[in-house]
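Below are structures written as structure tokens.
Two complexes come next, and they have one chain in common, subunit A, joined by subunit B in the first and subunit C in the second.
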Partner chain A sequence: MSGETETRAATETNRGIGADEPRTAIAVDGASVRYGRIEAVRQVSLAVEPGSVYALLGRNGAGKSSLVRCLLGQRPLSAGTIRLLGEDPWRHRTRLMERIGVVAERPDLPPHATARALAGFVARVRDRFDRTGFLARLERFGVPAHRPFRSLSRGQQTTAALALALATDPELLVLDDPTLGLDSVARKALYCELIETLAAREVTILVTSHDLAGIERIATHVGILVNGGLAVEEPIDALRDRFCRVSVSAAELARLEATASAPLCRRPTAWGGEEWIVDRQRQPELEGQPDFEGPWSDASGREPMDLEAIFEAVTGGDEVWRPARPIAVPEEPVAKREALR
Partner chain B sequence: MIRRFVRSILAVALWEIRERRAPLVAGLAVGVLVPIVGALGQREIPTTAAAVSMTFGGVVALLFGGTMITSDLVEGRLGFLFAQPIPAAAVYWGRFAGATLAAAACQVVTLLPSVVVGIDPLGFDQALARWWWSVLAALPAAVAVAHVLASIVRLRTAWTLLDVGAAFALTWMTTVTLGKAELVGLDRHAWLAAIGFLAMAGLIALSVGGPLQVARGRTERSRSHRFLTLGLWAVPLATSAALALGVDSWSRVTLEEIDTWSVDVPTSSEAEWIVIEGWQEEPGTSVPTRSWLAWLDPRRSVYAVLVARPADGVWHQLPAGSDEARISADGRWITWLQRQPSSTAVDLLRLDIETLGSQKREIEPLPTGIGWDRPPLGYSLSPDGSWIGARIRVEGPQRLAIHEVGSGRLVIQSAPIEDSGVYGFGWIDDTRVRLVTASTACEVFTLDAATGTSESARTTRVADPMSLRCVVDPAGERILVAEQDSLALFTADGQELASRAYEGGRPWPWFVDDHLFVRNPDDEAALHLLDSETLASVATWRSHPVRFSPVAAQGSAGLLQRRVLDAPGVSYDLLDLDTGRISELADTLADSPLASGRWIRPVPNHWPPRIDPPSPSSERLFIEPRGLFAVDLEARAWRWVLRFENAT
Partner chain C sequence: MARPLHIDPSSATPIWSQIEEQLRRLVTAGSLAPRSAVPSVRDLARELTVNPATVSKAYQRLVAQGLLEVRRGDGTYVAESPPGLEAGERNELLTRAAERMVIEALQAGARKSEVETAVQAAWNRLGREHGADGGDALPEKARTR
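And now, the complex of A and B:
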């Protein structure tokens, strides 16, 4: 064994990572969450590889927070299994939280406590906590450490929560909509901090957010929840390649409608044709159409799509884009995912 | 793991105390104000200081308990603690410990300024000091209760309905169970033990409910409430149910468990039923200490009334709370006083025992329409069960009254009767009830249910009322008045039939059918038989000496039973009136029911009709709750004739 490998192994041992450490940081298999008769999460399966930034997206009520609560061991699954760093978060939450940093959707820091006092408390309950680093990060962010949290702005509270999470030297960061309520400056600062963290050490991040533009900058993988089911789960580059927006002339429209399956979303254009959002993976028949070659090519009107546009298309469009065909939520997620791969 | 748990509890508790420091300062300020205001207002400072300290500590404990978990849970801030490597139970226990210690500190610091200025509230009054320490000791319970109540009120989920339902169910079950326990005669220790068990269950519930709520419910309101509800009510409801089952089981007395009883046998030759009032221990006697846990034995004083027709061999137990059972002479009706839990009121119920038998074992009491705010001084059932005569007291001297059974109608009531010793009370025929009392003379009161008339008579006054003793013959027609040195026989209307002098101390007379016996306390071995018409001496028998008081004689079989209680064992003498022989059976029948220390009863010759009479003429039948047995006076041996089945 080389010296570098030994150092790496020693570091990992110190961080609690052994030779048996699982290859996935987060493994969710067939997870369902029920609240009485309501099934908030339906048969979700996903895998997050170590070192990746996984953006779990979905509209309000799609089941993100329910899934995150299960991931954090705050409630058990109704069905399925979850492994965080190889362990069941419901049963081994205490042990796992030593290795996980959390930023909650709503700031939940004790309102009467100051950051300095809170650092003392966290230092007592955690084996790993960089108090100096925490206070230094707060200072860098301009968050006063001597004022109680209730007197801080929401952005400052979120920043403090992120600083607290990062000071625990986590192997996994779970950020539940951390940009909610933040202004653009605060959002950028938060993303910068995350990027710096990612650059400095290998940490896996699971983040839920409605700030799609911001999250697109750091996410390596994207999962989109629709009505509790995982509709899309792919690396972000593959996702961008999979969906595209095409212009269809009035002349082509009738023929394509007769010969090809419906697009994901469509909207009429001023010149009598339509714009389509197409899932290339699911509509390979369109690729083979000679008259449709044109629209696929960049020169013939194909437009690359950003994450926000893809998200809107996948989750059902908006007032402009009419969903023509809802994207299928896999009934058997495991088999479906395997098939997609 | 344990190290982490302890470390987490300490960290959370310290954090909780730190968060609660503001009331501590307020307590100190209040404590400073007490001596100042007390001095200005000329009030008793020690009492005020202690009262303020207790009140402040209690209020703060309720406040802290109500907010220690619930506020964060409702406001969605509990997730912070669950995002730390803190065991879920440590979250509850840490906050509980912190809140309790902070509340205790508030109580102490409120008292502190008074102590500093030289006032010692706890040394001022021992009772006050006990109260202060009691409140301090109760703070943990106050914190836990406040937490539970706050959770139920503030979480406001559907589980609140179950909480309310469970609270009602628990209250109802406990009330019914303790009421029944009172009725079946569980003694005070057992009753207190039942309360203690319930209190213990409450503490366990508080200790389980909160931690379970946090450990299993974690950060979700509904789930949290669900586990609080389950943890909170499961133990008390289970305990209450167990107590209910236990009391129900205790109330079903088996014959083997009854140590002491009295037997009532109908006088009619047609009657077959007997009534037994039984106790686990003889009331008023000291309980032998079997073990240090003996005081917990809930059955030490269980009281039960059982009825049976020996020919069927089946016992029926009257409902819990039955008392003073009477059986009509014709053997058809049984009446009893039915007590109610936590009430002095009683109802008279009756049972048609012809509806019972070996097949039907459930009894169906019938109302009589008769009830009293407090139990009557005594009552007697007429031979055919149509009326009852009752000695009642309503704001003054007692009265004798007749009620019609069924309608409850008051048929007739006597004028007030001077409170004095009662020497005879019962029905002398189908319609007349008679009461014989004595103060300076024997007085006879007779009510007639058929005519609705009342009569009274009295014998001549005696010289020494302190030594007066009246004895009424079984028919209620003759009254023997015994004084220190004389005996006189009267009719029920006060006419003297005979009299004689009696030497040797105050005589102790009693009737056995037409036989009149007299014993003399100065000569315990002598038993005199007098002529019941002329009071002339007929015979004198002698036996070994027995103590004066515990002599009894029953039965028409010409058999006298003498019972001695103070011997190491128990001794019985049997006197055969035909032969005049006194037999001491204790040694030879050591293993017989006679020697078991229980009350036994000779059986009339005709009874029971379906049992063949004993073949040797020297055999005599006796009854005790386990069955009928025959004693052969010649052979000095005994045998079971019939063993009763225990149907209860």
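And now, the complex of A and C:
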């Protein structure tokens, strides 16, 4: 028990740790991760409230995995602080991992062990391990408990890792792309298991995923990383309200361009007009305008966007969209670009 | 009832609001009778593959509005006499229709008086066909205010 760490944490951030218990399940403050000259995570601050399901999204290479590795105490930050359940994961990894369930991007189960043998081992070293629950979950998932993990499919390994994580009754679940490599049946089973868990007790979930359609039904909050910086962080309902897609006819185009500031993204359509994506938060001046109320309202042209469409617009999606107004990401990652050249 | 709710996550309407509205419609249409049981939060969340907190939020709002009742240790039920919603729904429908009309009128560059004249003409023409009580009903009421 380090008294020094706790006093430091308490003075450093007023939301990361309370006098008795943490009010924030995960508090990241000004976190940066550098690999040599490459800055993989840049000045990320985020807060995950207890009981929420926080979807951390980003394209490949956006910094998700680096950030998750730091959250799990597998590597230190270059700058900034992280508190998980009020503790520094780098300094108190072992103690903290007793309270956290993890499904890693590549399930790290011992290849030669069977689930049954692993359950026996974990039951001896962890107080809170529910062996019966673990084996029951495996059966529900259809994962054989008597075969070595190396002979199981990717999906079976992931679900076994989830069953293992849930069996320790964790306060916090960190799931790093749990649906990767799962077919749609296995994905559905995984989501059902998470729903059961959420219904049964208070648990906080941080999940990275590329299955946007699946995760958007469960997430309460969404954070989107772009080039290592957190470009968007919103409760899911606010996110849907913030972005909208509008069709602008050729006739309206000139008028709108003269009166409105540039949209977040735009692309020409086959009909001669353009399709715009508007970040309503960044263009509040449009809300009261007849132009906005008119052609951009629900009655004509304005279309809701699902998480996938919002993700494509925010992460650049240069192949799809011509970004007209880059979203607020901390300055361009020059070092990273040069290194990749 | 096999599967009375359908959720569209890509809709601009939040999922909890979609659940709330659809349950409200089921209750007002009588598909869910007074005092009948509604699924538990957990069962409905699993069926729709959504976060239980989302279902719970919809239920809580409907309980607050008197449509649903929670019986402690038992479950959630449709209220014995759920409040009539016709007036509220009709109001909302009218508001939305009027907004659509105003938007199109603005785009066409119409004046307010032109819109009023057009509504009155449409009322006179169509209202009678649908058995409305005379073409004057709308302006008559407006005058007495």
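Operating definition for what follows: the second predicted complex is superposed on the first by the 307 of 341 C-alpha atoms of A that agree within 3 Å, B and C clash if a C-alpha of one lies under 4 Å from a C-alpha of the other, contacts with A are read in each partner's own complex, and residues count from 1 in each chain.
We adopt the following convention: a contact is a pair of C-beta atoms (placed from the backbone, for glycine too) under 8 Å apart; a residue touches a chain by one contact, two chains touch by 3 or more.
Just so it is clear, the structure is predicted and the values come from calculations on it, not from any experiment.
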{"item": "Simultaneous placement of subunit C and subunit B on subunit A, clash or fit", "value": "fit"}
{"item": "First (subunit B), second (subunit C), both or neither touched by A:Thr220", "value": "second"}
{"item": "First (subunit B), second (subunit C), both or neither touched by A:Ala254", "value": "neither"}
{"item": "Touching partner for A:Glu98 - first (subunit B), second (subunit C), both, neither", "value": "first"}
{"item": "First, second, both or neither for A:Gln74, with subunit B first and subunit C second", "value": "first"}
{"item": "Which of subunit B and subunit C A:Ala199 touches, first, second, both or neither", "value": "second"}
{"item": "First, second, both or neither for A:Cys244, with subunit B first and subunit C second", "value": "second"}
{"item": "Subunit B versus subunit C as contact partner of A:Arg106, first or second or both or neither", "value": "first"}
{"item": "CA minimum distance (subunit B, subunit C), superposed complexes, angstrom", "value": "26"}
{"item": "Overlapping contact positions on subunit A, where the subunit C interface meets the subunit B interface", "value": "none"}
{"item": "Contacting residues of subunit B [partner subunit A, same complex]", "value": "4, 7-8, 10-12, 14-15, 18-19, 76-80, 82-88, 218-220, 222-223"}
{"item": "Residue ranges of subunit A touching subunit B (in the complex, touch as defined)", "value": "35, 69, 72-75, 93-98, 100, 102, 104, 106, 108-113, 117, 121-122, 124-127"}
{"item": "Residue ranges of subunit C in contact with subunit A within the complex", "value": "7, 9-16, 41-42, 45-46, 48-53, 99-100, 103-104, 106-107"}
{"item": "Contact set on subunit A toward subunit C in their complex", "value": "51, 53, 188, 191-192, 195-196, 198-200, 213-214, 216-220, 236-237, 240-241, 244, 290, 293-295, 297-300, 304-307, 309"}
